[in-house]
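Each chain gets a letter, A, B, C and D, in the order it is written, and its residues are counted from 1.
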Amino acid sequence: MRNTTRLGLSTALALVIGASSAFAENVKIAFIDPLSGPFASTGTNGLHQYEFAAEELVNKQGGVLGGDKFEIVAFDNKISPKESLIQLQVAIDQGIRYIAQGNSSGVANALTEAIDKHNKRNPDDRVLFLNYSAVDPALTNDKCNFWHFRFDANADIKMDALTDIIAKDDGIKKVYIIGQDYSFGKAVAAAAVKFLGEKRPDIEIVGNELHPIGKVKDFTPYARKIVSSGADAMITGNWGADMVGLGKSVLENGYTGPIYTYYAAADGITAAFGAAGDGSLRLVSEGQQNPPASERAENYVKAFKAKYPDGNVSQSRITNVIEMLAKAINEAGTATDVVKVGMALEGMEHDSLWGGKIFMRPQDHQAIQDVHIFAHTKVEYDYDNSGYGMLTESTVEMAAMDSPTTCKMKRP
Amino acid sequence: MNSATTQGKAALELDGLRKSFGKTEIIRGVDLSIGDGERHAIIGPNGAGKSTLFNLITGRFPSTSGKVRLNGQDLAGLAPFQINRMGLSRSFQITNIFPKMTVFENVRCSLLWARGYKYSFWHMVSRAPDLTEAAEAILEQINLTERRDLPAGVLSYAEQRALEIGITMAGGANVIMLDEPTAGMSHSETDYIVDLIRKVTEGKTLIMVEHDMGVVFGLADRISVLVYGEIIATGRPEEVRANPKVQEAYLGAALEAEH
Amino acid sequence: MDLILVNLIDGLVTGLLLFMLSAGLTLIFSMMGVLNFAHASFYMLGAYFAYQISLFLGFWVGLLVAPIIVGVAGAGVERYGLRRVHQYGHVPELIFTFGLALLIEEVVQFIWGKSQMAYEIPEVLEFTAFAIAGNSIPAYKIFMIFMSVAIFIVLLYVLTRTRVGMIIQAALSYPKTVEALGHNVPLVFMGVFGVGTALAGVAGVIAGPVLGTFPGMAIVLGSIVFVTIVIGGLGSLWGALVASLLIGWITTFAKSYNIEMANILTGIGISPPENMSESMFRDLWTVTSPQIADILPYILMVLILVFRPYGLFGKRDA
Amino acid sequence: MTDTTQKAALSRPPIITLSNAMPWIVATVFLALMPVIFPSNSAITIMNQMAITIIFALAYNMLLGQGGMLSFGHAVYMGVGGFVCVHVMNYVEDFGVPLPLPVLPLFGGLFGMGLALIVGSFSTRKAGTVFAMISLGVGELIAACSVIIVAFFGGEEGISGDRTYGLPVFGVEFLQQIDVYYLIAFWLLLSALLMYLFSRTPIGRMANAVRDNPERAEFLGYSARWVRFYSFVASGFFAGIAGGLFAINYEIVTEENLNLAQSGTILLITFLGGVGFFFGPILGAILFTLLQTVLSLQTELWALYLGALFVVTVMFFPGGLAGLIMMHTMPLKFGKLGSLVGPYLKTLVPGAIGILGLAAALEIVFHLRHAALGDSEMTLFWTTFDSHSVAPLAIAVIAAVGGFWLAKRAAPGMAEAYHAANTPRGGSV
C-alpha cells in the first residue's frame, strides 16, 4: 500500500523533471559531478565554486545579454559514466545548453562522445561541454570535437612545465615514476619519460611502475623500493586516498627528496599531509593564490572562505569557465545557439582573475595558460583550514603554446 | 508370499560391507542378499548402525570396504543420483521433502527423471499430460489429493510421511528403502502408513528399518537383526523371533537402557 | 638481502593486522555459521571512534575505549538484527550483513563527512625504532606487531584454558547440548559476536593512523578479510593466522620485486609476439607483479576453493 | 475436485489460455504506451535503464530466488556481454558486415553464457558460502583485469561504439532514444517470457527443488550440481542480453559494469523487489532506478536512505516488496481486503509521519553541518525555513518520535486485523 503510493509519487516526479523545460530566462549550466560516494567532497566543493563564481562574477555584475542570470543546476553522477549519461539526458530535457564536468577522464570521455552524438542526431537542442578538470590529453587530441572545451591544462602540458623545472635542477640525477594503473597514470608516466628524455637525457629513471588504483591498503613495499632506488625526485599522478597513502608512506620510510604531483592538494589531502609534507610536496597546476595575483583575487578568496569555511578555492579555473562563457554569450548575442557561442569561445583571449592570460586554442579547444609549480608549505590562504597551502615556486608562462595536437577539428 | 527367499534373483547384495568413522567401526562386515520382490526389514537396538547401513547402500556415505550390488551392478563410488537412476529409491528417518513447494509439485518433481525429462529446458511441465496424470494418480494412492495445492511444509506429520513415501516410490524404482517410516506416529497413523506401504510397494523390493515390531512382523517377508554393526540373524519373522541370540541382544540392550 | 628482511617485517605487519580482523570473523563464523560481511565496517568504526576520542582524551584512551564501544555496537547488531534474520536462513543473514556494511558506510559519511580524517600516530611512538640498510622501521610498526601478537596469545589462552573458552568451543559443535546443560547459548553467541567485532575495532584503532581513516577504508579491506578466512579454512583460528601471514608476505613481496610476465613467459619458452602493440595479448605481456599484487589473494582463493573447498586448515566445507 | 483435475489431465492443455497470456498482453500494452504517457527524452532514458535493470535482475533471480545461489559477482556476465557487443558494433562498422542492430544482444547473451559455462563448471559444485565466495573472487578478478587488459576492456575509459552503424532496419536508424526504447522493450518482453517459461520446465522446477533440499533432489535422480550449473548458465545468458542492451543504449561499456558495486547493486535490487516471486525483481528494478535517478536529485542522503531501506527489508520483510503484496492474496480471496484499510491507515500513517520526521531531522542536521556559512535557508517538503533555528528540528524530532510511538501502539491492532483477514469467513484455521 505504502509502497505503491511512493512508486506513484516518484513516477510523477520523473514526469515533472521531463516536463519542466525551456521557458526559463536564466542561462542554466548543468554541473554533472559526484555529489555522493567517495568523491563527493571534491564534487561538492567544485559545485560551491561554480555557484560562487556565477553569483560573484556574472550575476552581481548584471548578468549576460543585458540581465539574464547564470544558474548552476547540480546533477549527481556518482562518478559513473552510465549515471552521467542519464543525468546528461535529464539536463538536456530541462533545456540546459551548457554541461560542466571535471572529475574523472573516464566520465569526460563518455560525455564528450555522447554529446557529439547527441548534437549530430538532435540539431535543435545542441549542448556545449565545458570540461574544467579532466586532463586526459586525448580529449583535445584524437577524441576532440567542436563541442568540447577544456579549461584546465592537460596532463602533457603540466608534465611539460614540470619537467622544465626538473631539468633546471642539476641536483636531480635519478627520478622515480609511480602512478595508478589506468589511462591517466599511464599518460603521466609516458609524458614524464618522453619529456625527461628530451630535456635531460642524463637523468636516470630508476623506477617506472603502476599500482592498482584504489586497492592498495599499504604503500610500504612501494616506499621501500623508492627509498632503496636512491631516487632524488619522484613523480606521481596519484589522487585521493592513493596520493595520501603513497606520500605519507614514502615520507615515513625515510624519503627526503621532492615529490612532484598533480593532485596533492585540498579535499583533505593538504590537511592529511600537514607538516610532514612541508619541503617535499610539489604540485603542478594553474591559478596561483599565494601570493595573490591581485587584490581582486585576494578578496574573491576571502569572500569564498567567508561563505564556505570548510571549502577551498582549489579549482581556480572555474572562474575562467564562468567569465569566458559569459563573454562568449555576450559576444554571440545568444545563449541558446551554442554553435555561435562555441565560435565565440574559440580563440578567445581572457585575463584571468588569478593573473596571466588564457587563450582558448582554436585547433583543439585546449586553454593555454600559465602553469605553476607550487610548494606545500605554510601560507596565508590555506587549504582544509590546516595552515598549509600552495605557494608558487616557479611559473611557466603560456605553457605549451605551440605544442602539437592531433586534433582535426570539424566545425558544424 | 512368504516363500520368497534368496533363491530368486538378488535385488540387492551386500558383501563384507564395513564403515569406520575415525577409529570407531560402526558397520563391521555385513553380508546380506535380498531377493527380487522381497520385503525385508532390518531391526536392531539403538545405535546398531541401521541408518548408517542405509546411508552406505544409497551412496550418502562412502564405505570403508566391501561391496554393494544392485541387480548385480557394483555401486562403489557412485553418487546418490546415479544410484537412484539405477532403480533404487529411499526415504529418510527425518522427514525430507521440499517444504516450500506444493504437495503436487513435490510428487511431480520426483517423477521427472524417471519419465525421461532429465535436464530438459524445452518442455513445459504443466503441458505434459503424462506427468500430471501420474502425479495425480500417486496423490490418489497416498490420499493427498485434497491437499494438492498446499505447501508441503504445512501438512501434518503423518501426511508428510505419506508424501515422503509417495515421493520415494514415484520414480518407479523397483528397490524401495524406507528408514523408520512410522517413527513418532500414533497407532491409527501407523496403521494408515502400513496400509499405504503395503499398497504402494506391491511387486517391488522393499527394505526398511523399523522399530515398531508390530509393523515389522506384519509387513516383512524376512528380517535381519543388526547389533553393533553385525547381522546376527536373518530369516523369516518366526525364525528370528525364536532366535536366542536375538533375544539376548534385545534383552541386553533393554537392561543397559535401564541403568 | 637486507631488503628481504625489511620486507619480511613489513609483510608481518600487514599479515598480523589482517589476522586481527580475520580472527574475529572466523570465530563468528564458526559459532553462527554466517560470514559477517560488515566485519570490516566495525574495523572502520573502531578507527573513527578512536579518532573522535583521541581529539579530546588522546590516543591511548581511544585505544582502550573505542574497541569497547565497537564491541557493544556489535553485540547490539547480533541481538537486535542478526538474531531476527537468523530464522530466515543463511542467505538472508549474509545479505543482512551486506546491507549493514552499506548502511554503516553511509552513517559514517553522514557523521564525519567524506574526507580523510587527520588521525595521527601518538607522538611517543613517532620515532624510528631501527634501520636496516637505510630503510627505517618506525616504532609504531613494532607497536602494531606487539599488539597483535598479544591479542593472539590472550585469545588462544581464553579459548583453550578457561571455562568460558570451553563453553564457547562446546557451543560451536553442540549448541543444543550446551543449552541443555543450562548455559545461555544466545548470550554466548552475542558475546562472541561482540568480542569478534571488538577485535576488528582494535585493528581499526591501530591501523587508522597508518592506513588512513576515510569512508572507503572498510571496502578496501573488506573482501580481503573474507579471502583470508576462506583460504585459511572457515572456522580455524590457526588457518586464519597462517593465511593472514601468507597474504601479507605474498602481497608485500609481489610489490617489492618487479617480476615481469614477459620474463616468465619467455622463461617457459613462449616467444613474444612479433608486433607487440597489435597483439591481442599485449597486456598480458606487459603485466608486472606490483600491478597484480593485490589481486593475487583472489586468485589464490579461487584455486583453493576449486581444489580444496575447505581451505588450508578447515575441517568442514564452507 | 478430482473430477475436474482428471479431465484436465486427460487432454493436453491449450498452449495459450487467456488467463495465462493476460499478464503478458497487459505488459505489452503497458510498454507500448509508456513513451506516449512520458514522452520526454529523460523519462525514456530512465525507462531504458529500468528495462535493462529488469532483465538483469530477473536473470539474477534465476540464481538467488529460484536456485538459492547467492552471487557477489554476477555483474561480470552482464559486463562481458556488453563489452562483446560494443566490440561487435565496432567490428561491424569497420568491416561493413550486414548485421542488423536488433540481433546484437544475442551476441552478448552467448558470450555471457560462455563465461558462465567456464566459471560455472567449478563454482556450482557447492552451493552456499563456497559458491558465494567463488563468485566474489571471480568477480574481483575480472573487474581487476578490466584495468589491466586494456585491449579488451579499454581500461577505465571503457570501450565505446556507435549504434547507428548499419543500414536502417525497417527504416529505423536508432538515432533517437525512443527507437532504442522499443528495441529494449522487445527484448525485455522476450527475455522475461523466456525466463518465466524456463522456470516452468523440468530443469526450472528442479532448480527450486535443489534450492529447498539438495539432498532429497539427489535421491530423486538429479545431480544437484548439474541442476545448479544449468541454471547458472541460463542466468549468464540473460545477464549477457542485458549487457548487450546496455551497450546499445549507452554506446559505452566501462569497468563500472563489471565491478563489485554493480554486483552488489543487483543483489540489493533483487532482494528489495522480492526473491520469492517471479515479478519481484521487476518491482525491485523499477523502484531502485527511480530512487537512484529521482531521489538522488532531491537529496544528497539518498544512499543512506537506500541502505536503511535495504536493512529494514531484510529484517522485517524478507519476502521483499513482492512478498508484501502477495501476503494479501488470502484476504483478497476471502473478500476481506476492505477490513484491513482502517487498521493499516491507523498504523501506517503515523509510521509514515515518523519516517518523514526522521528524514527531515537528518536533512536538517546535515544542512546545519555542511551548508555554506550564512546559508541557513533550506527547503524541505515544499516548506522553506531557517535550518539554524530550533523549531524545525524540534518539529521533525517530535514528528518522528510521535509517529513511531503511535505506529507502535497501533501495530498489534494491525497484526490482529491481518490475522483475522486471513481467516475465511465464519471459520477458523
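FYI, contacts are C-beta pairs under 8 Å (C-beta built on N, C-alpha and C of every residue); 3 or more make two chains touch, one makes a residue touch a chain.
Source: prediction; values computed, not measured.
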Contact-count maximum falls on chain pair A-D
Of the other chains, whose C-alpha centre is the longest way from the centre of chain A?
-> B
Distance between the centres, which are taken as Cα means, of chain B and chain A, whole angstrom = 74
For chain B paired with chain C, centre-to-centre distance based on mean C-alpha positions, whole Å | 48
Cα centre of chain A to Cα centre of chain C, whole Å, reads 36
Taking each chain's centre as its mean C-alpha position, how far apart are chain C and chain D in Å?
-> 32
Find every residue in chain B that makes contact with two or more other chains and list them.
-> none
Hey, what residues on chain A touch two or more of the other chains?
-> 40, 181, 212, 215
Indicate the residues of chain D shared as contacts by at least two other chains.
-> 144, 148, 303, 370
Would you please name all pairs of chains that touch?
-> A-C, A-D, B-D, C-D
Chain D residues within the chain A interface of the complex = 38-43, 45-46, 49, 144, 147-148, 155-158, 160, 162, 164, 175-177, 246, 250-252, 254-257, 286-287, 290-298, 300, 302-303, 321, 324, 344, 348, 351-352, 370, 372-375
What does chain D use to touch chain B in their complex?
-> 1-2, 5-6, 8-13, 15, 197-198, 200-206, 208-209, 212-213, 215-224, 226-227, 230, 234
Within the complex, chain D is touched by chain B residues 58, 60, 79-81, 84-85, 89-90, 92, 96-101, 105, 108-110, 112-114, 117-127, 129, 132-133, 136, 140, 145-146, 148, 167, 171
Once bound in the complex, which stretches of chain D touch chain C?
-> 64, 68, 70, 122, 125-126, 128-130, 132-134, 136-138, 140-141, 144, 148-151, 260, 264, 267-268, 271, 301, 303-304, 306-308, 310-311, 313-315, 318, 362, 366, 369-370
The residues of chain C that touch chain D in their complex are 35, 81, 84-85, 88, 90-92, 94-96, 98-100, 102-103, 105-107, 109-110, 113, 223, 226-227, 230, 234, 280-284, 287, 291-292, 294-295, 298-299, 301-302, 305-306, 309, 317-318
